[in-house]
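Shared between the two complexes below is chain A, which pairs with chain B and chain C, respectively.
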Partner chain A sequence: MNSKKRKRSLEPYLWLLPSILLIGIFVVFPIIIVFRLSFSEISKAGIVGGFAGLDNYKEAVSLPAFPTVMKNTFWWVLSVVGLSTLLGFIAALLLNQKFKGRKIARSILIFPWATSLVIQASVWNYIIKYEYGSLNNVLLNLGIIRQAVNWRSSYQIEFVWECAVGIFVTIPFVTFCVLSGLQSIDEALYESATVDGAGFWHKLFSITLPLVRPSLSVSTVLNIIYVFNSFPIVYTMTKGAPANKTDTMITFLYMLNFYDRKKGPANALSVIGFLILCFCAGIYMITVMRKEEETL
Partner chain B sequence: MKKLTSVLLSAAMVMSMGMGTAVTASAEEDITLDVIICQYGPNTNEWFLGSGMDGTNFVDKFEAENPGIKLNLDVVSWNDVYTEVDTRLANNNAPDILNIDVFANYANEGLLLPVSDYCPEELYDDFFPSFIDQSVIDGTVWAVPDLASARALYYNVDIFEEVGIEVPTTWAELEDACQAIIDFYDGEIYPWGIDMTTDEGQAAFAYYTWGNGGGFVDENGEWAVNSEENAEAINFALSLVDNGFTNPNPATQTRYDLQDMFAAGKLAMVIAPNSLPTYVADKGGEINMATAGIPANEGKTSSSVGVMDRVMAFKDDSAPDQDARNEAIGKFLTFFYDPENYVGWVSMEGFLPAVYSAVESLVAADPSFGAWLNVLDSCQFYPTAKAEWDQVKQGVIAAEQNALTGADIQEELDALQTQLVG
Partner chain C sequence: MKNISVRRQNFTALALLLAGAVLFVLFLNAPLYTFKASVYTKKSSNTFVGDEKYQEVLAEVQAEAARYEEEGFEASISETVTERVNSKGEKTSLVAFSIDQTFTRNLWDFMRSSLPSAHVIRAMLICLGLAVIFAAAGCMGTMDTPYRYLKSSTGVLRSVPILLILADMVLLPVFVLMNNVTFWRKISLFNEELLTEGKEELFGKIDRFLFGGQMGDKIDTALKNLDMQHSRLLWALLLFLLLALVSAIWLRHGRLKNTILRILLYAVVLVICVVTLYPYYVMLVSAFRSNAETLDMYFLHMFPTKWIWSNLTDIVNRGVPRFLLNSCIIAGGATVLAMLCGIPAAYAMARMDFKGKKAFLGFVIMSQMFSPVVLLIGIAQLMNNLHLYDNLLGLVFVNAAFNQAFAVWLLRGTFIAISPDMELAAKIDGCNTAGSLIHVLIPMAMPGIVTTLIFVFINAWNEYTISTVLISTASNRPITVGITQFSSFNMIEWQYLFAASLLATIPVVILFMAIEKHLTGGLTSGGVKG
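Up next is the complex of A and B:
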C-alpha cells in the first residue's frame, strides 16, 4: 500500500523528467556556460583562459557603439511590441465580427507569422529596393510617382523599416492570442450591456478589455522576449550597418563575437541582455498577476 | 536450456573480442586526417565528396592512391567556418588540416605547425614566393596559399562607346567619366560602384588608399591607417557618393549587389575579382565587358588588390607518431597541388593558381589567364599576418560607414590608429 502511494507521488516527476532534461541540456547548461565565459579571458582563436573578473563587462559597456545599440534596442522592443499589440488587438476585434469570408481572412493573417523571418526580411528587402524593388515598380506603373524613390536613403529610415517589418510579422501572434480570449467572452454580457444602453467604447473598456487581459498579458510577455531576442530581421536587412547604427543588442553581440572576434565582451553582453530580459519580464509578470488577483 | 544460453553468450563474447582487436589493429596502421575545406561555390562539395572529379571525388581518389591514410573531410560554408573552427578549438578538437583565409590568430596562439615540418621541399619551391611571404610571422612560414583572386576594374564597353568616353586611369578622369555617364543617361545608370559594407568595406579602403600612396601599413610594415593620404583617398570616394556617381547605399549594398547591377546593365564600372564574367553569365546577363587597372590619383601608381586563401596544419600532441602524421599531411598537400588535380580545382571555381606547375596548362586552356597572372605579380595583399588585422579590418569599415553618415574620416582614422598603437 505504502509503496503504491510512493509510486503515485513519484509519478508526476517521471512525466516531467523529459522536459526537465531537455530544458536542462538546451537552456540551463548553455546559460551557465555563457555566464562562466563572460568572466573568463577568451583569445581571438576562442581558447578560454583564466578568470578575468569584470574586464569583459567593462570592455563591453565602453565600446563606442554600446550607447547607440542600447538606444536602438529600447526603441526596437518598445515600437514593435507596442504597435503590434495595438494593431493586433484591432485586427482581432475585426476578425471576431461575423462576416462572409471570415475564415479566409483569419488564415491569410497567419501567413506572415508562419513564414520564416529570414524569408520575410529578404522579401521586404526586395520590395523596398531602390533599383528594381517592386514597391517602386508598382507606384511608377500606377503613375503615383514619376521617379523611383530611394526608400532607404538614411540609416534612420532603414531602422524604421526594420521596426515596420518587425511589427508586421508580430501582429498575427497578438491577434490570435486576443482572438482566443475574445471567443471565450459570453455573448450575453454584450447583449445585456446593449439593453442597458452601453455604447461601443463603453463595452470595449468595461467588458472586452478586462476579459481579454490574461491573453494580452501572455502575448506581451512572450513578445518582449521574442522581439528583444529577434535576430533575423535586422541581420538580413542591414547587418547593423552603417557602423552599428541600426544594430540591436542581439545582432551587435553576434557581430562582436564572429566578426570582431571580441568574444569576452560578446559573452558579457549576452549576460547583460539576459538580465535585462529577466528584469523586464519579471516586473511585468508581477504587476499583471497582482492586478489579476485584485480583480478576481 | 540455461547451459545452452550461456555457451552461446560466451561464444558471442569471444567472437566480439576477436572482432574488437581486429578493428583496433587496423586503426593503428591507418592515419585519419580531419580536414576542413571552405565552400567556394556549388562545385566544391561535388569535387571533394561527390562525383565532380571525372566521376569520382578527391577523397576516394586520394585514399585509393595513399593506402593507410583516411580522410575525414568536411566542406563548410564561409558563413559557418569561423564558428565551426572556434568551437572545435575551444573543445580541444582542432582539425588536422584547415583551409581558410586567416591564420595569424592561430599562429600567435601556438596552435599551428610550421610549414617546414610537413611540406615536401619540391612542393614548397613550386609556390609563388610573393604568396608564401604573406604567411610569415617572425621568420616562420605558417600556411601555404591554396588559391588566389585579384581585383580589377570591369567596365561595360557598350556604355562607354555610346557615351563616347575613354576608360579612366586617374581620379580626375574618373570624375569626368562619371559626369558624362550621368548626363548621357539622365541618372538612369550608375557610373561607379562602391561597397563599404561589413562584407568587404576593407577592400574599398584598399582600392582608394593604395591608389593614393597610402594603405594600412607604412613602408616599415607598421600600422599607419590615419595617414593624410588615406584620409584624402576616402574623402575622394565619399565625394563620388555625394555627387551621385555611385550606387545610393554603399553601407548596405555588397559587392554582389553591385555585380548584379553590372550584370543587369545598370552599373557602368565595378571593381571585381576575375570570376566576374562567370558570375554575370550565371545570372543570365550578356554584358560586353573589358578590364582595366583601378584608377589612381594623379602621379600615383595603381595597384591591384590580391586576395588569397590558405591551407594550414594544426598541432596534435595526442598523435602517437608525429612523423607519420606530418608525412600524411605532406602527402595530402602533394596530392592536392598535383597539376592533374589542382588545375581542375582552380579553373572550376574561376580562381587563380598559387603554384607554378599549374600555370602552363591553365594558360593553354584559357589564354585570358595570362593577363591575370601578370596582375597577380603586381598586386598588393592585406596585411593579414599582423595580429591586429581583424581589428583593423572592422575598424576601417566602421570609419568608412561613420564617414558616410557625416563623421570626419581623419578623426575616425586617428581614433583607430590610437587604439592600435596606443
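Up next is the complex of A and C:
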C-alpha cells in the first residue's frame, strides 16, 4: 500500500521528465550561458576570461548605435503589434460574417502565416525595388502611376516598409485567434441585443469586444514576443543598413556578435532583451493563469 | 393605402435610376480630357539666344503659330536650348522651337475612335442601357406589388440592373487606366524605343483620334512631348452610377442598408484577398521568367512571355533537393521528438494530480516566451560544447525544444476535452497507464494530435535564424537558408530564388490549409480553455 502510494506520487514526474529534459537542456541552459557570458571578459576569438562586472553592459549601452536601435525596436514592436491587431481584428469580424466564398477567403488569409518569413521578406524586397520591382511595373502597366516611384528613397521609408511587411505577416495570426474567440460567442446574445434595439457599435463594444478579449490579449502578448524576436524581415530587407539605422535589437546583436565580434556587449544586449521578454512573459502568465483559474 | 406607397417608392426609384443614366450620358459631352502636343517643330542650330538667326527662326515660328490660332486652336510657343561647344572652342547653342497645341476631347470622341478604350466606353453604355430596360421591364405591371409578393421572374428582372451598374462602376476605372496606359506608358516606351511592336498601328489610331489623321509621317514628332490629363470631374460619372446603383437596389429590395453593406463586404474581402495573394503571384510569375525579364523595368506583361521551366531543373542542379531533404529531416525529426516528449507530459498534465503541476505549467509557458533568437549566442555556444555544431541533429533538438511548450499546451487541451471514462474502462480490463494512453487516448485524440504535429512541423520547416548560425556547410543547409545562396551581394538571381521559394512554400501552405478548421476551432481558446 505504502509503496504503491509512493509510486503513484513519483509517476507524474516520470511522465514529465523527457519534456523537462528537452526544455532544460536547450532552453534553460542557453539562458544560463548568456547570463554568464554577459558578466565575463570575452576576447574577439570567443575565449572567456575572468569576471568583468557590468563592463559589458556599460559598453553595450554606450555603443553609438544603441539609442537608435532601442528606438527602432520600440517603434517596430508598437507599430507591428498595434496595427496588425487592429487590422486582424477587423478582418476577423468580416470573415466571421456568412457569405459565399468565406472558406476560400479564410484559406487565402492563411498564406502569409504559412510562409517562411525569409521568403516573404525576399518577395517584398523584389516587389519594392526601384529599377525593376514588381510594384512599379504593375502600377505602370495599369496606368496608375506615370513614372516609376522610388519606394525606398530613404532609410526611414525602408524601415516603414519593414514594419508594413511585419504587419502583413502578423495579421493572419491575430485574425485566426480572434475568429476562434468569435465562434464561441452564442448567437442568441446578438439576437436578444437586437431585440433590445442595440445598434452595430453597441453590440461591438458590449458583446463582441468583452467576449473576445481573452483571445485578443493572448494573441497580443504572443505577438509582442514574436515580433520582438523577429529577425528575417529586417535582416533580409536592409541588414540594418545604413549604419544600424534600420536595425532592431535582434538584428543588431546578431551583427555585433557574429560580424563585429563584440561578444561581450552582444551577450549583455541578449540579457537586456531577455529581461524585456521576461516582463512581457510575466504579464502573459498572469493573464493566462487567471483565466486558467476561472475555467478549471 | 399600402399599395400606393409602394407604387410611389417604385416610381421614385425608377425615376432616379433613369436620372442617373441620363446624367451619365449627358456628361459624356463634357471636355474631360486635355491634350497638349507639339504640332510643329523647328530647329535653329549654332545660334545664341537673341541673335539674328534666332530672331529669324522665331518670326517664322510665330507666323506658323498665328496660322494655328486663326484655325481656332490654342497654340503656344516653347523653346528648348541646348548648349554646345563647336570645333573652334566657341560656345553656341541649339534652339529648338515648338508650337504646342492644347485641345480637349470628350468621351463621345473616345467612343468613336479606334483606341482600345473605345470598346470599354461602348460596353459601359450598353450595360447602362440594358440596366434601364431591365428595370423598366421589371416594373411592368408590378409597380404596386409589395416587395415580398414579387414573383421570382420579376425579382430576377429587377436584380439584373444592380449587376449591370456594378459592372459599369468597375469599367469606368478600367477605361481611365486604359487611356493612361495608351497615352502615358505606351507612348513613352515607343519614344524611348524600348518597345517597337505595334507602334505604327497605335500611332495611326492616335493620329486619327487627335489630329484627324492629318499628321501622317509627322506623328512621331508630334507625340514626342504629348501630355494628357483628365479632369477630376471625370469621377462625377462614378457618382451618377452610384445614384443609379442605389436606386436599382431600392427598386429590387425596397430598402438599401443590407444590400449596400453586402456589396461593401464583398469589396473589402476582395481587396484583402488580392493584397494577400499579390506576393504569391509575384513569386509564381518570377519563378518562371528568364533572368533578363526579372530585371526588366519595362516589362509589359502580367505573365512571363515564355514560361522557363528549365529554372526548376537549374535549381535542382544547385542543391535545392538536398536543402529540401535537410528541411524534411529537421522538421520531421523535431516533430517526432516534440511529440515523444510532449504527449507524455500533456497526458500527465491532463490526467494526473500532483504537486508542482502549476509550476510545470508556468515553466512551459515561460519557455514559450523565448524564441531562440534572443538566446542565439547561448545556443551557438551550447552546440559547440555538445559537438552538434553544423549538424542537423542540433537543429532537431533546438526546434523540438522551442516548440515543446506549444505542443504540450495544445495536446493538454485536446486530452482534457476527451472524457477519461474509456481509459478507466481499459484499466479495469487490465491495461496499464501507458497501454491505455497508446491504445485508447491517442486514437481518440488523433485530430488534435495531427493539428499539433503539423503545427510543429511548419514552425520547424520555416525556421531560419538558428539555422543560419548553426549551419556552416552548404550541404547541411535547410531550404530557408539554402535559398539565400541565390542572392549574393552583387547579383541576385531572382528567378532561382523564387523557384526555390515556391518549392519551399507549397507543401507548407497545403498542410496549413488542412488544419485550417482546427485553427479557427481554437488555437487560443482550445489551449486556454484547456
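Following the convention adopted for this analysis, the second predicted complex is superposed on the first by the 280 of 296 C-alpha atoms of A that agree within 3 Å, B and C clash if a C-alpha of one lies under 4 Å from a C-alpha of the other, contacts with A are read in each partner's own complex, and residues count from 1 in each chain.
Please note the rule applied: contacts are C-beta pairs under 8 Å (C-beta built on N, C-alpha and C of every residue); 3 or more make two chains touch, one makes a residue touch a chain.
Computed from a predicted model, the values in this text were never measured in an experiment.
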Next on the checklist: I want to verify the contact counts: of chain B and chain C, which reaches more residues of chain A?
Outcome noted: C
Checklist entry - So, A:Ala60: does it touch chain B (first), chain C (second), both, or neither? => result neither
Item to check | First, second, both or neither for A:Val234, with chain B first and chain C second | outcome: neither
Next on the checklist: By the touch definition at the top of the document, which applies to A:Leu277: first (chain B), second (chain C), both, or neither?
Outcome noted: second
Item to check | Which of chain B and chain C A:Lys245 touches, first, second, both or neither | outcome: first
Item to check | Contacts of A:Glu158 with chain B and chain C, given as first, second, both or neither | outcome: first
Checklist entry - Touching A:Ser9 in the superposition: chain B (first), chain C (second), both, neither? => result second
Checklist entry - Which partner does A:Lys44 reach: the first (chain B), the second (chain C), both, or neither? => result first
Checklist entry - Should A:Ile127 be classified as contacting the first partner (chain B), the second (chain C), both, or neither? => result second
Checklist entry - Given the touch rule stated above, what does A:Val69 touch, chain B (first), chain C (second), both, or neither? => result neither
Item to check | Contact residues common to both interfaces of chain A (with chain B and with chain C) | outcome: 131-132, 258, 263
Item to check | Interface residues, chain A side, partner chain C - complex | outcome: 9, 11-13, 15-16, 18-23, 25-34, 37, 91, 94-95, 97, 99, 101, 104-120, 122-124, 126-127, 131-132, 134, 136-138, 140-144, 146, 148, 168, 176-177, 179-181, 183-184, 214-215, 218-219, 225-226, 228-232, 250, 253-254, 257-258, 263, 266-267, 270, 273-274, 277-278, 280-281, 284-285, 288-289, 291-292, 295-296
Item to check | Contact set on chain B toward chain A in their complex | outcome: 82-83, 85-87, 89-90, 105-106, 109, 111, 196-199, 247-249, 251-252, 261, 264, 266, 390-391, 394, 397-399, 401-402, 404-405
Checklist outcome for this item: Interface with chain A, chain C side, in the complex: residues 176-181, 184-185, 262, 265-266, 268-269, 272-273, 275-280, 282-283, 286, 294-297, 299-302, 337-338, 340-342, 344-345, 347-349, 352, 354-358, 360-367, 369-379, 381-382, 397-398, 400-402, 404-405, 408, 433, 458, 461-462, 464-465, 469, 480, 483-484, 487, 494, 497-498, 501, 504-505, 508-509, 511-513, 516, 519-526, 528-530
Next on the checklist: Show me the residue ranges of chain A that touch chain B in the complex, using the header's touch definition.
Outcome noted: 43-48, 65, 130-132, 150, 152-155, 158, 238-245, 255, 258-261, 263
